[in-house]
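Have a look at the structure below before the remarks.
Order of writing sets the labels: A, B, C and D. Residues in every chain begin at 1.
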Amino acid sequence: MDVLIILITLLIGAAATYFAGDKLASKVATFFSLAAFGLTLYISYLQSNGVEVGFTRPWIRVPNIQLSFLADGLSLTMVLLTTALAPIIILSTFKKVQNKAKSFYGLIMLMVFAMAGTFLSGDGLLYYIFWELSLIPIYFIALIWGGGEAEARKKDVVKFFIYTFAGSLFMLVAFVYLYQKTGSFLNYHFLRLHLNGTEQFWIFFAFFIAYAIKIPIIPFHTWQANVYQKAPTAGTMLLSGIMLKMAIYSIIRWQLPIAPAPAKEYMYPLIALCIAGVIYGSILALKQQDLKKLLAYSSLAHVGLIAAGVYTLTIDGLRGAVLQMVAHGFVVVGLFYAAEIIQRRYNTTEISEMGGIRVQTPRFTSMFMILVLASVALPSTFNFVGEFEVLYSLAQTNIWFAVLGGTTIILGAFYMLRMFQQVMLGEQNTKVFADVTFGEGFVFVLIIGVLLFFGLYPKPIVNFVSPVLENIILHINTSN
Amino acid sequence: MENILQQIGIENYIYLSTLLFCVGAFGVLYRRNAIVMFMSIEIMLNAVNLLLVAFSTYHQDAAGQVFVFFSMAVAAAEVAVGLAILVAIYRNLNNIDIDSLKKLKG
Amino acid sequence: MTTLIAIAGLGIICLIAEIFNLRKAIVPVSIIGLLAILGLNITELNLVGSTYYNNMIVENNYSRIFSALFIVLTTFLVALSPEFHKNHKTKISDFVAIKLFLLAGAVAMVSFGNLAMFFLGIEILSISLYILAASEPKNVSSNEAGMKYFLMGSFASGVILFGIALIYGATGSFDVETIYNTVSGGNIPGWFFIGIVLLTIGLLFKIAAVPFHFWAPDVYEGSPALTTATMSTLAKVAAMAAFFKLMKGLNHEVPGTYVTIIIIVSALSMFVGNLMALKQSNVKRMLAFSGISHAGFMLMVFLSPPTTTGVLFYYAAAYGLAGIAAFAVVLSVCGNKGNEEIYNFNGLGKTHPLMAAVLTCSLLSMAGIPIFSGFFAKFFLFGEVLRAGQVAIVIIAVVNSIISVGYYFKLILAMYTKDSTEEKQAVPFAYSVVAVVAILLNIALGLYPDLVLGYL
Amino acid sequence: MDTKLALLLLFAPFIGFLINVFTGKKLSGNLSGIIGTAAVAVSFAVTLSFFLQVSSTKEAVMVDLFQWMKLANFDVHFAFQLDQLSLLWLMFVTGIGTLIHVYSISYMHDDENIHKFFAYLNLFVFFMITLVMGNNLLIMFIGWEGVGLCSYLLIGFWYKNQDYNDAAKKAFIMNRIGDLGFLIGIFIIGYLFHSLDYTDIRTVIETGSHHIDPTWLSIAALCLFIGACGKSAQIPLYTWLPDAMAGPTPVSALIHAATMVTAGIFMITRLNYVFDLAPEVQNIIAIVGAVTSLIAASIGLVQNDIKKVLAYSTVSQLGLMFLALGLGAYEIAVFHVITHAFFKACLFLGSGSVIHAMHGEQDMRYMGGLRKVMKVTFITFLISTLAISGLPPFAGFFSKDEILMTAFHHNKPLWVIGSVASIMTAFYMFRLLYLTFYKDFRGTEEQKKHLHESPGLITFPLIVLAILAAVGGAISLPGNSWLNEYLAPVITRHAEHHHMGTTEYMLMAVAIVGALIGIGLAYAKYIKQSAVPAQDSEITGFAKVLYNKFYVDEIYTALIVKPIYALGSFFKNVTEVAISGFIFGLGKLANVLGAEGKTLQNGSIGFYLFAFVLGICSIIVYIFLAK
């Protein structure tokens, strides 16, 4: 029993979904995603009990590419996030008439497959392939099922694709170069390399472009808001919930260990850039009139903080980043789902057209409220745990980083509560707003449950990822 | 036989045929009548043939002359095809000025 | 050798078949024949290299595997012909026969041992292409294409011939072996290198590299679509293969100036090809420009000749197969529309999902997106070039891959986001089969590069 | 056993919260009120038992549940600690909490969302207990932000009114500013001490087991104090508290007078050993406290909204407490917290009872003469007013007097400021009393008809609190102070006991006289001249500045909020456009080049051949050059 089975399940799921036809597609997709989640849980359980669940077979002789899937706490955590969010995201699309449903859900499953592959790959080229593969489904999802005016959407989506593709090509060059050095793409072969300063710098730089665009770190973020706004909510969830985590994961897994020297040398500028993103995103979020755009910018801010945590190269920073990734994944999906629900009722994401919803929907209000609070990292929610560790790591690096990064808890509260007030509170809205159905509520309950549980008891995840992260930190510190 | 080559010297043959080649090339460049362009191309090819023959004598090696036959045959075939196309064009446009062939561009 | 003879024979059989009114049989027979020859050819793989007619023809794995690729491509082209030429069935034998002769020329181009053979091969290829290009006598643009191709082609032949003559003059032989030895012996007159360069230029013309590319877009656009397919896949690949073999055969070590020229030309080709393609509204023309840029990519193999043979073949195969698949779709969409403007593809995703998917895949492959062989082709190429230490050109190539996404996706967008204007009609069986098989081969190559890389 | 009881103490209100949230809609208003009250009452009972136990054994009860967070150099556990300090706090949190719950049953009776109200109140109590019970800074932080949340929910309880929502938002965000300071403080503490547990920190300090950089320690103390400022409404973060009066009156009484706002004092007292090591920070605290008390009191002089006056008096009283803290007299601060909790809660509830009678009218200019109709309210109100004005023998007198006395001994200017502040307090409190209860009714006839004494559920808590306000001083009489004895274990350095000498009595006398002066002035103005505050438009001069709270809010808006928005629009309209413009520009450039290239591809064979030849020539030339 090894991790391969997860990927196989997802791939079969994608195919099955497509061939199940429009009627059944959603259910089949749900089933397979749940199956994948179960398997991931089981495999993680095995792994934590010391069973070897990794998988390595030779694939291509020349060049030497291995079908190598490493399954340590870190990658499995990310896969858990992916496969846990997948059913939630699919559930969130229920009750919404989907044209070409089979392709829609098929693509979602394909994307989940690709992303899981990215997290699991232990071979550089395999990783790159999954990385690129994950781009194609979201491109079509955003393109075909997206909202907004068609031409503008097309422009933004293509921009997004070319932009991210451009970034990853530089990463490819870096990989090819590394391959020329080692004659293999295996992660641990890369780690054994002894690259000189310039090599490390350029490799770090190539990786950085790829990741900075994907995360996104300012000033590479311009694709984000528009795509988040125009993509169908499911697509936005996939993007913000999982896809951008790929980049941060990759920083931890590939960029830092392979090229630690520049990471140390340019630590301050890097962190400064990320934190600039935090403030920039928060302030921009204040000015948004579109709910999804606001959430996009808030996500920009949060992710900036996570990235900053990673680049501190401290165990707290990395651990906090991982926890924060998982937490943010759930929160952002929940928030976009709330936006989606409002959009279903009011056919708009314009904040100005909302307000006075709370009167009509006590249940939805409280759920939305909890999510808002989680996203501003109220203690005892999962986000707080991550944010605390990240900020603590920043404080260790330089207290001012913590202060500046910490403004997120002020500005975050500012724009989130402002949004909540404008969207939910005030005199009863003239348009009727039906309270959440059971299905919709169920999704929220799942998400909130996760957030609160791990907010109070993050130990399982912490123990799961800590050894890996400690090794990485060790490698970084010991290398040259 | 060789005395001729000695008298003239291989270089001059090269210069001559290069000159001829260039003449042909400029013919192709400056003439707009398709037939004339064909002829210029023929000049180019024949310049090459001359060169080949000269070299084959120079090297005391028949291969060059054999090659000339190849190239002549090929040239003939080419021109045949070319003329056929030309005829088709004439049927459609009633002229063979290649400047009238500017439909495809951009 | 047998391959070459068999192919020529097959061509003649087609012509004879016409005489005996076996028109129906022509295409099946030739396809079966081609497959048989392919089998034969593959069985001969890994045999020791052999020479015929005192080195007129030299067979080795290089020639064999490239011949195999040519045969595969031709098979597809032949399979496409009957549907394409259904309006004038009487000519089918000619079309098929010419294609087969063209193939013979191509095979000769990769299995020559003597410049004469090489010259013959390239001429056979070119002349057949002239004919095919102008094969719609009533259609002015076809005439124009034919004329342009012919004039410039024969001009290029002249240049090649001049180059050959100079080489002969410098070395006193047409035999590649001998030339090679003479050159490595040293003390060769200066014009030898001029000869090489002229030869190079002639071939750069054939593969449509900048600045010798101007004919390509016009000719591609003007010629009948099937001919365009032939040119952009078979002809280009063959020329590239011959080019590579020739250069490996003649230069015992590549001089620096030569490398610089190649780098400049390839960079120019990539940029011009991609930038021009951005603004094209005609698919054939667009593919012509993309072909130019791919020529630029392929030229990079000359930067480390000893190791890039396999890479070149892989790239050629990936490109050829993707091209065939793409053109099969183009034919099926624009077959009876008279033009190949992009708007014909609007809403293809709805009307013919399969065709749309195939075209998407082939475009993604050309753009170099993973799991399609196009990606691995680029990837191997970059690897080798980086090893040769040419980082700059790799960066240029990367930038160009980014640009290329722009126009490849223009087509994809048209297929999936715009709405079809006219009602859907059935896709001819032949087209869909060819398209699917080609793209499947392409993907198979992507998943298992060992399939072909093993032989080189 | 202790663990179970402690958990019961902690979770009883939470259970009440859950019941009210999930079944509230079905329950009748009274029932959910009773549930809410019962929940808090249970906590109070448990607290009482613990209180007795601990005050006899002098042994703190420790409860360690499980590990929460794990960081590089310390872990954080869910662990609780019931020692003298936390129990004292719990006593009046749960005690007064219970009373206010009782009060609310009647006060909120007609509100459609009464179950929500009690849910939130219970949640607040729950978080407040967490804040007090935690045995490390992070647990305190949970409670800290939790109570902030509840105050947000309760201030914005009438969410249909966007002004109230603004007030709620303002409160939350201003608290958050403080919280950031608190967090930074926690980081530094954790970094220095490798732990966040109070006990560990104390041991490190007392044993000096490893060196602590004093500068960083001071910075930490300062950051923590910023946190306290946010929560306890000190300069510069006090402006949210007056606005917070938008919430229902019981909320103002419980959260914004008695309990939550004293969290800052609790935190500093908790970490007294840390602050003792940072004397310069202590000075800052003292000064900030004193100034706050003066400013707030001065603003309070001219306010006409009955709750606003009380709010500013709260701010000013909190200022006095911080003054005490700054002087290192932690017990005294605590003492004043307790007495203040009694009389201020009583005052707020009293004002609530008045507002209840006036059907929501809060402007004192339309009140008056209520003492005839509202006997109980009046008497309790009077007692508390005397208490806050610092007249013996009421509770306020002792605590305030202690503070001033300490100030006098340490720092005369501060003593002056404090005394002035308390004179003002006496003045505006009696102004409030006179305007509300004396003379004739100034409201509408309509209101006059409905004037009535509030029902028993409202008056009962008033009476209890009034009694406490009257006798509460007994817990720490000058000379022999039970409180100081009781708190001795948790406070390392004790405020030196001034033996009651002549100076002390003199000071007492001064304080009393001061209070009497204030009262006298109020009497002269509002009884003798029976003046009524002018309408807003007529207010002029310095009074206008005071009435508009020194325009602090406006200044903040101009200096902070506006710039942020401006920056936002700048980013949105300039940088965003510029960046994406640049990215798009590259694409455009490519397109332009393509378009230009098309002209080159002009279809003329002649030109093509020319280019061809040109190519040949250039290559040949290059070769010759390269040779």
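Criterion: contacts are C-beta pairs under 8 Å (C-beta built on N, C-alpha and C of every residue); 3 or more make two chains touch, one makes a residue touch a chain.
Everything quoted here is computed from the prediction, not taken from an experiment.
Visitor: Does B-D or A-C have more contacting C-beta pairs?
Guide: Higher C-beta contact count between the two pairs: A-C.
Visitor: Report, in whole Å, the distance between the mean C-alpha point of chain B and the mean C-alpha point of chain D.
Guide: Computed value for the inter-centroid distance: 99 Å.
Visitor: For chain A and chain B, what's the span in angstrom between their mean Cα positions?
Guide: One centre to the other, that is 67 Å.
Visitor: Distance-wise, how many Å sit between the C-alpha centres of chain A and chain C, to the nearest whole number?
Guide: 43
Visitor: So what's the Cα centroid distance for chain C and chain D, whole Å?
Guide: Here the centre of chain D sits 78 Å away from the centre of chain C.
Visitor: In chain A, which residues are in touch with two or more of the other chains?
Guide: Where chain A meets two or more other chains at a single residue, that happens at 162.
Visitor: Touching at least two other chains at once: which residues of chain C meet that condition?
Guide: If we look for residues of chain C contacting two or more partner chains, we find 147-148, 151, 155, 217-218, 406.
Visitor: Residues of chain B that touch two or more other chains: which are they?
Guide: Each of 25, 28, 98, 101, 103-106 in chain B touches at least two other chains.
Visitor: Where do chains touch, given as pairs?
Guide: A-C, A-D, B-C, B-D, C-D
Visitor: Would you pull the chain B residues touching chain C in the complex into a rising list?
Guide: 10, 14, 17, 21, 24-25, 28, 34, 37, 41, 44-45, 47-48, 51-52, 54-56, 58-59, 61, 63-64, 66-67, 70-71, 74, 77-78, 81-82, 84-86, 88-89, 91-93, 98, 101, 103-106
Visitor: Where on chain D is chain B touching in the complex?
Guide: Interface residues on chain D, with respect to chain B: 598, 601-606, 609-610, 613.
Visitor: Show which residues of chain C lie in contact with chain B when the two form their complex.
Guide: 115-116, 119-120, 123, 126-127, 130-131, 134, 137-138, 140-141, 143-148, 150-151, 154-155, 157-158, 161-162, 164-166, 168-169, 172-174, 191, 217-219, 221-222, 285
Visitor: With touch defined as at the start, can you tell me which chain D residues reach chain A in the complex?
Guide: Counting only chain D, the residues touching chain A are 21, 25, 66-72, 78, 138, 141-142, 144-146, 149, 152, 156, 159-160, 162, 165-166, 169, 172-173, 176-177, 179-180, 183-184, 187-188, 190-191, 219, 564-565, 567-569, 571-572, 575-576, 579-580, 583-584, 587.
Visitor: Could you list, by residue number, the parts of chain A that touch chain D in their complex?
Guide: Chain A residues touching chain D: 159, 162-163, 219, 222, 280, 283-284, 286-287, 314-316, 319, 356, 358-359, 362, 366, 373, 378-380, 385, 388-389, 391-392, 395-396, 399, 402-403, 406-407, 409-410, 413-414, 417-418, 421, 425-428, 456-459, 462, 466.
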